[in-house]
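Here it is, the structure in full.
Letters are used for the chains, namely A, B, C and D, taken in the order the chains are written, and counting of residues starts over at 1 for each.
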Amino acid sequence: MLRGGSAWVESIVTLALAIAAMVAVHGSPYLEAVALLTCTYAFIALGMYLPFIMGGALSMAYNAYLGVGAYAMALLATRGDWDLAWSLPIGMIIAAATAVVLGFATRRLSGFYLAAVTLLFGIAFTTWLVDAESVTGGSGGLQGLRVPVFAGKPLSNSTLVMLTILAVWIVALALSRLRNSPFGVAVRARRRAAIAVESCGIPVSTLTLVSLALGAAVASVGGSLFAVTNHAIVPESFAVDIVFLCIFMPLLGGQDRPWGAVLGAVLVVTFTFQLTFFKETGSLFFSLAVLLVLVIAPRGVLGYVLIGLQKLRGGGHAKTQGGAARNG
Amino acid sequence: MADLILECRGVNKAYGAVRALNDVSLELRAGEVLGLVGPNGAGKTTLVDLIGGEQRPDSGAITALGRPLAGAPSRRARVNGLARTFQHPQVALDLTARENMLIGLAGPSLATLSGQLRELAAGILGAGSRIQRDSAHGEVERVAAALGLADIERECRELTLGELRLVEVGRALLTRPALMLLDEPFAGSDAHGVAGIRAAIAEILRNGCGVILVDHNVDIVASLAHRIALLNLGAKVFDGDPKACLASPEMQAVYFGEREAA
Amino acid sequence: MPAQLFVSIVEIGCFFALIALGYLIVLYGAGFFHFALGPYAMFSALGAAYWVTVSEWPLWMAVLAGVAAAVGLSVVTELLVVRPIEKRVHGEELPSLIAVVATLFAVSQAGGTLFGRKPFPGQPWLDFEDPIEWGEAVIGGQTVIIVGVTLAIFILLAAWLRWSRYGQWLRAVGENQQAARTLGFPVARIRLAAFAMGGLIAGIAGPLFSPKAGVNFESGLSYSLFGFIALVMGGTGSIWAPLAGGLILAALQIAASYLFGSPSLNYATLIAAALFFAFRPEGLFARRVRH
Amino acid sequence: MKSKAFKLWKSVAFTALAASAVAALVLPSVPARAQDKSPIIIGMLEDTSGGASFYSQLTAGSIKVAIEEINAKGGVLGRPLKLIEESDGNNPSQSPALVSRMIQNGAKVILLNSGSASAVASKKTLAEQKIPGLAPTNIDTRIGSAPDNEYSFMLPNPITDIGTIYAAAFQKMGVKTLGVISDDSPTIAGINGLLLPKIQAAGVTIVAQEKAPLDANDVTAQILRIKEKKPDAVLVCSLGGQLEVLFENTLYQQLRKTPRFSLASIGNQPATWKLAQPNALDGLVYAASIASNNPRSNALSKLLAAKQGAKFLGLTAYEAQGYDAVQLVKQAIEKAGQDDPTLIKTGLEHLSGYKPSFGSEKFTITFKADKHIGTDGLCGLVLMQFKGNKPGAPFKTYQAACD
């Protein structure tokens, strides 16, 4: 899990964690619900990982990507009576398309400008959700979705949970591999040395669009989970605050690995559900924690855990990008 | 001519009243190193920017490999085989030297949308794309070794300025360019760094490319270049053999004139 | 359009303009967009309202306290958040952007935690017995105050930039801190002055405007966003640019909701902003393109 | 097998510093076993921080008072009631998890005291786990109606009733054209969808319908658009709070002569009245649920004043409905004779003619297997009119009859 060479250790340890999580929550409706919520956030945070954490493009329209994906999926599943195996991917594709269109419109922008415009887009989108009654069912949203059908069979809640946790594991692992691949290296280099990437013949704008599209597709799975778990989909689920929540997850969990985004989701959900004082202070505690991490612990929880483990192993200082692209 | 790699014809560039480049023409042939020298404000940087694509000329034509040199830098790399280093090294400090050079290796494969999607899939599946085969065969290590760049698993924030310049050169080399633009590669380099650059140039020439070498340090440039173009106040005042250039009255005028002034 | 709408445009425009002005000052002094200014305005307004209605302080005292809090927050942000991060990442924009977004979030939550999450009324600083009738438009006391105070702030600030030592140094530092440092400017202190000034302006803007619509702990985000767009529309070229930007944005929003109904407000803002960002990111009064 | 998995999960996750998280996930999975004399656990989903915290906390206050009162008198079936709380911050995506958590911790009944959307989102969970849920204050008709409503009940008059009453009132006043101004919250848009058709059905034409964002700084534009249509009356639909007051202030400035109506919210939010300009609220008619002629309301008002002291600003429908919800749960448990959730649910479905502490004196509440919306008739609602920026007298022109 530390050096690029030991990609296998990473896959196995994380798979063990995933399975452990499945077993731990199995049979308890509460824990399953919590697990589903955690996975929902995890998908959004993972969706932000590639373009934002790796690529340095802070697009804040993620509530829109979620919403588009989820509504598309729900419409196909309700009106079209489609199997989840079809409606979900199509939702992802539509979300990706949205991201590409917005990304193209804002291709000249970066930093604060990009954040502001995409945030505006997200806000306008929420207005539209309530406004476009004929498409989105307006404020009522889309009620009474049936039990999701996957590969022909109706999906029981606990099966859904298992599949979802598995999916999170797969996505995070895929991103982790991508991160060390040439593509991932180019995206990461784009964050601080875009000119250099461009000078190597790589059109940075295309690179950004591709990563935005992939990010939106991943995040939209989280949106579809809202719909699947609640048998209904309401505009409230796609307010902009969810964007803020999920931006902070990878930072809190740790930027060095996609697993940090997942850990961030776990931590946030834990705060929200376990710490009663946290409720009284709203998200104050959470945002202060994020500030603290940003200022004094930029590597996030996971980053320091990795360093710690490596120290234990007697390896020198953590070389987080160590041995990139050797795997494969 | 077939082996004509870069050609500038009557290039002009002005910033308001200031004429940064005044009707400059240049040629670069395969296997040739053209040294571009001149004092500050001579127009070196402007010319570099015009070639690299940061700016566009007011008039005049620049062609490389017989095709007009225009559009985004990435297009110039793809179409005109241009590779370059930067006066202020453009390196991702949080990545390792290996990763920064890998971008050069990946450049050709990531140049198009389809290529990027292919690499995306390959990256996730971890299965062999061309880059990954090559890097598995130690392309990066080979180049690094050729440049005398040690321990490329270090993060670039741990490297010296000289090493960063070597990383840039290595990155440029790995794109397999036809035309290499070295922008002040010796600034901040120690002897070891200079040796690395020499090695790099030798490597490039082996593949029958051309090199444009821009630097203040006339002596090093002279020792490396086949031909020197001397710029002063935006105009080319000398173009020819390095030794002749060093001895030329223009040279005396430009530099010693400057020294006296200084 | 009915005359009353122009009154609204002026009121809202002045408010956006003040937030944008705060951005501009910090931008000059620290070369950086201080996204958290909106929540400072919210915090100041919410605090003032709370201390008046709950603690029953006199209005002037509550407002002063609110403004002081805003200045304090801004200074603390520079000292504890922005400066350490910029020192660490030298030159990369993203980390400070994320940090200031987190600050935005934190300040809003702090406001909600300290003063409660229910909306508060803003106390008018001046209330006419019978408002001025202008055509069929009605002009209340607070409207007069808003316009007056806004203009005063702009004039004073222009003077500060022109005649005070720090004011003159401000731009130099914002342009290129490295150069300024080597030239021996007290960069750290000038940055601090800029942040304090930004906090001061936002801190006044909040309680000044809150009598119109009240304030709650979530108001800060839209303040920040609209202030930023006003800044981009106006440009960073002149100290008066934010005023222009604010009025343009306000006119746009009011006109849109009057002509096409309210949902169009968000759409119109988005479209206008996108157009500006895409085709004239330097704004009406250009200084330099920042991206 | 499972315990081993726990160990693995714990140990590994510990190295990931997520121990807290795991503890969180593991602790509640120990089910609370119910012995005799042990308390009967009632869960309350509330909102302590979000947009619904405003009324959720008022309601929570009286719910606690009611439970105190019951326990002081020896509890139910000789067992005390114990309240456990979870706040979803009015975020419906969290509600199902929190509801199932309270169930896990032994809750036999859930009081759905957060936003309407939260209650709707919880329906499925309640039905799946067969635990009755009762919404004391939410007026979204969807809560008590199909699908998935087998275990969810609602107390107050649903929004459709308000529509019916206003329709009748408009007819009595000869209002032919109506202007509507609402905030852009999904909740309100949903309410409009149920409310306005009722009014139109009564032959009132809606000549202008305007919206304003929740954080609007100015609504002059919207109000002027309505003014141009010269409606006979204006109806304000909002969650209350500062936006409603902004509406009222602007209407007072622009349309002083036109009669104004509003939903329940403004009347139940004493804190917001002082946001309004002097006299800006006067003449405003709203659908209150507290009638001065209901002795039970007055009794409760005394009780709360005694228990809460200065904090108590006067009885609101929220407090009354919270109090009544607890009483209904108590009676349902007594009917059930034990704390089995399914029996309690059946118990609820056999409660009839309960005399609540809100609505007019003759108003009653009845649940049936096919009637999960408790109100009998419209007179749970009382039209009140503002005077001097606070609720004054009942609206002279029209009041709903009890059948």
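The rule we apply is simple: a residue touches a chain if its C-beta (ideal position, glycine included) is under 8 Å from a C-beta of that chain, and two chains touch if they have at least 3 such contacts.
Here the structure is a predicted model, which is why all the values come from computation and not from measurement.
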If we look at chain B and chain D, which chains touch each of them?
-> A
Leaving out chain A but moving nothing else, do the remaining chains stay as one piece, and if not, how do they split?
-> B | C, D
Weigh C-D against A-B on C-beta contact pairs and write down the one with more.
-> A-B
In whole angstrom, what separates the CA-based centres of chain C and chain D?
-> 37
Between chain A and chain B, what is the gap in Å from one C-alpha centre to the other?
-> 40
Distance-wise, how many Å sit between the C-alpha centres of chain A and chain C, to the nearest whole number?
-> 32
Could you please state the distance in Å, as a whole number, between where the Cα atoms of chain B are centred and where those of chain C are centred?
-> 46
Among chain C residues, those touching two or more other chains are 112, 117, 263, 266
Junction residues of chain B - those touching two or more other chains | none
Chain A touches at least 2 other chains through residues 127, 191-192, 280, 282
Can you name every pair of chains that touch?
-> A-B, A-C, A-D, C-D
Could you please specify the touching residues of chain D with respect to chain C in the complex?
-> 49-50, 53-54, 184, 210-213, 215-218, 220-222, 224-225, 241-243, 245-246, 253-254, 271-272, 274-275
Counting only contacts in the complex, chain C reaches chain D at residues 2, 4-5, 7-8, 11-12, 15, 53, 112, 117-121, 138, 209, 212-216, 218-219, 222, 254-255, 257-258, 261-263, 265-266
Chain D to chain A touching residues, read off their complex = 1-2, 5-6, 8-9, 12-13, 15-18, 20-26, 28-29, 48-49, 87, 89, 91-94, 96-98, 100-101, 103-104, 117, 120-121, 124-125, 128-129, 142, 147-148, 184-190, 193, 213
Chain A residues touching chain C in their complex are 56, 58, 105-106, 108-113, 115-117, 119-121, 123-124, 127-128, 131, 191-192, 240, 244, 247-248, 251, 280-284, 287-288, 290-291, 294-296, 298
Of all residues in chain A, which touch chain D in the complex?
-> 13, 16-17, 19-21, 23-26, 28-37, 40, 127, 129-130, 138-141, 143-144, 157, 226, 229-232, 234-237, 263, 266-267, 269-270, 272-274, 279-280, 282, 301-302, 305, 309
